[in-house]
Amino acid sequence: MPDHEADGHSLIAKYLRQDRLPHIWCPACGIGPALNCFLRAIDKSGLDPDKISVVSGIGCSGRVAGYVKLDSFHTTHGRAIPFATGLKLANPELKVVVFSGDGDLAAIGGNHLIHAARRNIDMTVICINNFNYGMTGGQVGPTAPYDVRTSTTPYGNFEPPFNLPLLLYASGATYIARWTVLHLHQLEGTITEALLKPGFSFVEVISPCPAVYGRMNKEPEGLDSLKSYEKRSIIKNGADPKEVDITQNGPIIVGKFIDVDRPTLHGSLGVVAERARKPTKK
Amino acid sequence: MPDHEADGHSLIAKYLRQDRLPHIWCPACGIGPALNCFLRAIDKSGLDPDKISVVSGIGCSGRVAGYVKLDSFHTTHGRAIPFATGLKLANPELKVVVFSGDGDLAAIGGNHLIHAARRNIDMTVICINNFNYGMTGGQVGPTAPYDVRTSTTPYGNFEPPFNLPLLLYASGATYIARWTVLHLHQLEGTITEALLKPGFSFVEVISPCPAVYGRMNKEPEGLDSLKSYEKRSIIKNGADPKEVDITQNGPIIVGKFIDVDRPTLHGSLGVVAERARKPTKK
Amino acid sequence: MKLWRTPFDHNHSAEPLAYVFIDRERCKGCGFCAEYCPRDVLKMGSELSSKGYQLAVVKDGSKCLACGFCELICPEFAVKLTINNKAHSEIKP
Amino acid sequence: MKLWRTPFDHNHSAEPLAYVFIDRERCKGCGFCAEYCPRDVLKMGSELSSKGYQLAVVKDGSKCLACGFCELICPEFAVKLTINNKAHSEIKP
Amino acid sequence: MTENGHLLGEFFINGDVACAEGAISAGCRFFAGYPITPATEIAERMSRRLPAIGGTYIQMEDEIASMNAILGASWAGVKSMTSTSGPGFSLMMENIGLGVMLETPCVVVNIQRAGPSTGLPTLVGQQDIMQARWGSHGSYEIIALSPDSPQHMFDLTVKAFNLSEKYRVPVLMMSDEVVGHMSEKVVIPQISAADLIYRKMPQIGAGAYHPYKADESLVPPMAIAGQGYRFHVTGLTHDERGYPAMTAAAQDKLVTRLIDKIRLHADDIIMYDEYMTDDADIVVCAYGITSRIARYAVKLARQKGIKAGFLQLITLWPFAEKRVRELASQVKTFIVPEINRGQIVYEVERCSCGKARSVSLPHSGGDVHRPETILAAIKECHA
Amino acid sequence: MTENGHLLGEFFINGDVACAEGAISAGCRFFAGYPITPATEIAERMSRRLPAIGGTYIQMEDEIASMNAILGASWAGVKSMTSTSGPGFSLMMENIGLGVMLETPCVVVNIQRAGPSTGLPTLVGQQDIMQARWGSHGSYEIIALSPDSPQHMFDLTVKAFNLSEKYRVPVLMMSDEVVGHMSEKVVIPQISAADLIYRKMPQIGAGAYHPYKADESLVPPMAIAGQGYRFHVTGLTHDERGYPAMTAAAQDKLVTRLIDKIRLHADDIIMYDEYMTDDADIVVCAYGITSRIARYAVKLARQKGIKAGFLQLITLWPFAEKRVRELASQVKTFIVPEINRGQIVYEVERCSCGKARSVSLPHSGGDVHRPETILAAIKECHA
Amino acid sequence: MKKAEIRLAGFGGQGIVLLGNIIGKAASIYNNSYAALTQSYGPESRGGSCRAEVIISDSPVEYPYITDPGVVVILSQEAYNEFGAGAKDHVLLIVDSELVKIDNPPAARMLSIPASRLAQEMGKPVVANIIMLGFLAANSDVVSREALEKAVKDFIPAGTESFNMKAFELGYSYSSPDKGPA
Amino acid sequence: MKKAEIRLAGFGGQGIVLLGNIIGKAASIYNNSYAALTQSYGPESRGGSCRAEVIISDSPVEYPYITDPGVVVILSQEAYNEFGAGAKDHVLLIVDSELVKIDNPPAARMLSIPASRLAQEMGKPVVANIIMLGFLAANSDVVSREALEKAVKDFIPAGTESFNMKAFELGYSYSSPDKGPA
């Protein structure tokens, strides 16, 4: 029996700042289980935890940086990725993980997200998608399905959402997966793979926010959301990202969608550095 | 013989601020021909020019707003789209066109670009893609092909570029086309169609920048670039956006790639307004 | 949908494969563990915690598979699973 | 690649279908019009403009198709095409 | 609700909601924003109210987009507003500058929390006061107001729109978390057309209209998109036609007008309130939530026989320079409590020219001053 | 070139290039930027130089990303820099605040052009001086320097890195278009380890290390990522452990230290230069490119027998308050020419306390003052 | 000048700010007094400590913070420890006996009601605050019952009026086991 | 104090700033003088008006702007109209005769060379500025020929040295039809 399964709680003690518990998340929030998977994945990956940096933006999900017992950076709203880019470029030995929310990564931070994917920088981005801005009280976010109720769409959301795996695919990410917080073993495995994958990896985690999003959308308890995921989710590894968009009540396609190889930013930077060091005429 | 063909120069007089000529663009720059097509498309579209607003960001391409004899807004770098969003939402009668450069729209403005496409707001975005930041002297841009020389990639570009049609497709744009400034009749026709298309339309114009990009990439004369386009471009209407990325010397796939229908933002806003006006209990 | 793993052939075990402990200070009564325990080891009790949350309790510890799902899904890091090594050693692979 | 249109069956015309005028103040000598005129009506001259640019000139106006490509491609809005209505009226559709 | 969509009557609402209602009463029909504590309630209120009355609410992808969207909406002829707090306000700086340069009426609300950076998101600060004046690059002047209660939020929001339309400049509502989140009775009166100012429109035809040609008011008439003026505006330095003009002379002409249209109308713009300053030796100068505490402390001081007075800055920018200079000749000491580490006190000190002493009562934020703290300072200065 | 990658010798280069070389000499090995006139040459130089000497150049998608990237790089232990001009500087404001809050050494260069907004992109301004001090939300202190020549660009960039590492604060190089684009001889000396300051590293083990626990220097030692400290930092108000602490008390403790580590070391930080101030009645106070013109004008005035002197501010922030207060007791008038509509003159006026008169010589930008203008002002004050 | 200061303390999600709003509105709109409601809360959406404070006065409220509350309503152990245990004897302390464990009786006059259990028994835990409000109305005279009932109706979702009035009534008629209404 | 002020004016793309750099570097690095080069240009990458001004002095340059140029090199009609036509008689005016049409001879001493045509004849229009530099070297003594040649080599692309030296020589030995070198 591998170590990480045998001893979940000691793993938690190893990677979690237990002096900071209880955390600030609401009862039945999905961030906790996702974090749990992340901690186990770190262990499973065999990476040296001293060389892992976790960077978060602002939001409930963005509080993860504050709980992991790793070098961790709680930056500004939307800016985790460029901060992480600086970290990684300045010290390529680091494994840099961005853990944040849908609003942080895809609303205010959307540009950084697509540019980081384009560069194929070595970085794992874990996005808690709870379809809204939990921390500020449940406003509509760029992944909120059409017509849902939020505190700023009292008459129904009039904007269609991003299909994040497709957006990331189009931007150049080389590893893209999605699970719900019910698919915990899969999520753990996926994050482990993502951590070990060179280049830009993106893991979307569909997660309940009972306190605000759920309350306004007939899932006032976290369990309601999990049951809905249980009913709606379909595992489809290798699914075409085009076909994985999420609607209010439609299926939630989960799985590992993309896993391809492209030159990483660090590889290309190496080539350039070599050219630069070659003595030229001038 | 349709009016617009018979009388190009009077059209120019009609839609161009001739008191501002000569313009500031370098000799053999591709922005002029693209602008020419745009002016003709306006005429061809039959839209009331008094109801057309042109919004540009900052850059050589962004100077277009200053030359069209229409309500026109030269805003800040990257922000043409949100400015245009405000214009359009506040007065849905306006036809709003954003005319700007690859750096403006896809580097600093990338987030606004994808969000506007997601919303499917009624707006036509014309993007002059000259693979670099012309105005500031030829730095690498997010569409610059891998390995090209620019003033900030003296050892070759180490970042892969965006495939803009794919990015726009993934974001939700309902009309996507690409032409070079050699495909002028096609470009004119495409812009005309885009202007008349409800929802978000995106037209990419591949355009020479001999003064800086060309100079550094073996196309010091504008003609060199046009000849290269002539050789490399392949018309492929309906091409899968996945397959239209541009490399340093590879083929340039041009054509109308996407033309689909999705509810527009204004349509959905109408639904919401109706719900809001319905007297409720409280 | 298969959410958990069956670690061993549990029928061969006489003792529980693991002991489940719920931290009463941490549990916030979300019910995830009880709902998704594949063996109905856990249930929601009627007692309230000091903050007023309904606490999860162990209903029948002997049925535990040691699958770890309860530990993994608990948002509060409140579930602690202790593997019963004795029970495991009894199992012949 | 077909970049221009052939508006009429030009062979039927005796007179040029259009007169091309190059604005010497605006032309910056990019050569686009000369290179892409389908009928070689235009060419780059040897004379320099006041700013030092090599000017485009009409080589053989009689061959003009009135296709408009020169006007469309000129980055400087320097080409002015005047349709010869007389010539056009001579053409029977 | 009236026909125009604005409410009428008495309401027990918080400052954020009062601000939203003030905007609606002022004729605002476009709101673009991005949620942030403690300003979110303004957006939420607008999202519920506007669609029902022919207005538009949009949540943009960030604050930069929000700021630009309200500029665009204003150029489409609709009064527009956004709201935010410190971090978002910082992000808006570049495009507040664009608003100044294009001379675009609009209102930006900052419900201040404690910084720097993310700081204390749910707790009060008054730390963006100098930022309101100087936060965007380049030389410019701006108008900023500071409300002290939900009613004041309502009233000053209406005022902010009026000033903005009159002077064609973004007006900043520099409120704070306590005022934004406290609830009190707010009376919303009948608002008639006469109470509201709308931007001057051009009176001449499209051909003759120059977007940046001003009369002696220094504020040019503003054409809006879609009416046939076919005008051009740019964030570049420009001439009266709105065309780029890349010379120091054009720059001087433009910037001078942009600055003078505010500076020369300071008397029309500046609002302050005084309490027992007539015979005061010591004047406490405060604004926003702190002014309620300061006023209370001054009352306590008077009860103790100390000749204290109170100056409440309602307009923060332009600064009430003239009045402070006058008072400086009369009083011995200014005491300036503010929930920051010294901002307005710099202006008070500057304008005092050494005639009166300026005492800063700084506060790092997260809470308000205690009346005793201010009272103690008054006593100390009195001794 | 030396082994360390820095140049050695005499060069005829412009201020932008000198700045880049200064950074390299100071040990900067990470540059993230976004092109903007007139700062682009710095990025271009870095893009050519860094890859050859083991450093990294990256062009980010905007200035916000650039600013965050240099913060990240600094936490990876690498000295980092970005450069921009007004519009980009405005965009960086929020995350300069993050740099202040996390106490992250880094250098931000602003080659000022004339604003507001896009203004005159290729022409000079000195209009972001107050913005440098107040542009981010919240209460904080910062360090800003102002060079007057390419040589000064080199020297002060080295100095900027040293101050930044010493005080763990972003240091702003507030240069301008003329200095950035003018070329002069720059002497690059041999730079030894002793000339350079590197941040204090923790001397204790990971368990005992608290990222925000400072000794009497008020500057805590800084661990960097990847060394086993497993530390946490946040832009929220935090305690010594770096953990969020959402109370007014924690806020006060933190903000007080952030402010005091600058204010209490003002004497170590502040640099100025004087010319013939000893017996001066009139002192011209200037900075950046304007100081060269002002110094020249003062020389002309002295030739005419006027007792003029010159105070050049090399450190803009913290402001040379003590020296100005001293001079105010001695001189009759300060004349403050600056390429803005009055910024540093506010500080001069404030610190003069009415003892000396302050005369502002504003300029809207796009050009520098003519020496005659300053001379005329001196004469007028003299008369 | 008549002035009453009320403190409501517990944790996020209990509807404490709503209670403050109901009381404030009842006083200022339906009872023609002046009222100011301030609140403080942490970054948590639920579960963090949360406080609402109301001043009711017959003249405009100048200084908007309470200095000496006459009524303190306590909805969590933490809140009790901070604001209840040390409350002076002129204070009326109202606690949810289900959520607060009291070791030594406080100096203040204390009334308790198991509002959260009663609410759970009604099948809707969220109405605990309305039960508490009814209890407060019965045991203090800061605002009239009529005004409070009107205000409750303004704040609750349409269609839940009668249920909420039942909750209010339950609290109003609850007789505390402690030193009851005099 | 010896001081020379040189103004170079034309439009963008003519290599005017490069000329300024060459002169400045020649003076300050190879001739051991002090030099300051300032420039001004518009937003256009090419074709806008462009100016470079060099001060050469044997003591450090304080005020970095030229006040009274001794040499003015003119590379466009616009520049001539602005800086050439009115130049005083102590000024040495050097113009590209191909690009400037002069109606009335200026007060200044004028020398002209058709540098842009000569460059075109050499097959590389971009070397017009180097031809002009050679001509300037021959007709003024602000910087030594050796220093200028060294500086030219520092700025041009590797491999183009001999071509550029040929251009320089062409200008150096060109004999102006106007009032030539005295």
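Miscellaneous remarks
Chains: A, B, C, D, E, F, G and H, in written order; residue numbering restarts at 1 for each.
Rule of thumb we're sticking to: contacts are C-beta pairs under 8 Å (C-beta built on N, C-alpha and C of every residue); 3 or more make two chains touch, one makes a residue touch a chain.
All values derive from a computational prediction rather than experimental measurement.
Judged by touch alone, the chains other than subunit F, held in their current positions, stay linked as one piece. Counting C-beta pairs in contact across B-F and across A-C shows that the higher total falls to A-C. Centre-to-centre separation between subunit D and subunit E, using Cα means, comes to 59 Å. Mean C-alpha positions place subunit G and subunit H at a centre distance of 85 Å. Taking each chain's centre as the mean of its C-alpha atoms, subunit C lies 57 Å from subunit E. Subunit B has residues 22, 25, 27, 58, 74, 76, 107-108, 110-111, 115, 135, 137, 142, 153-155, 269, 272, 275-276 in contact with two or more other chains. In subunit D, the residues that reach two or more other chains under the touch definition are 28. Among the residues of subunit H, those in touch with two or more other chains are 42-43, 47. On subunit H, the positions that touch subunit D within their shared complex are 11, 47, 76-77, 98-99, 101, 116. The touching residues of subunit F, when paired with subunit E in their complex, are 64, 85-87, 89-91, 93-94, 97-98, 100-102, 112, 114-123, 125, 127-128, 130-131, 133-140, 234-237, 246-252, 254-256, 258-259, 340-341, 343, 346-347, 349-350, 352-355, 362-367.
Contacts from subunit D toward subunit B in the complex involve residues 1, 3-5, 7, 25-26, 28-32, 35-36, 53, 68-69, 71-77, 80-81, 83, 88.
By the touch criterion stated above, subunit A contacts subunit E in their complex at residues 58, 74, 76-78, 107-108, 110, 133, 135-137, 139-140, 142, 151-155.
By the touch criterion given at the top, residues 29-30, 32, 48, 51-52, 54, 56, 58, 60-62, 64-78, 80, 94-95, 98, 102, 225-236, 243-244 of subunit E touch subunit B in their complex.
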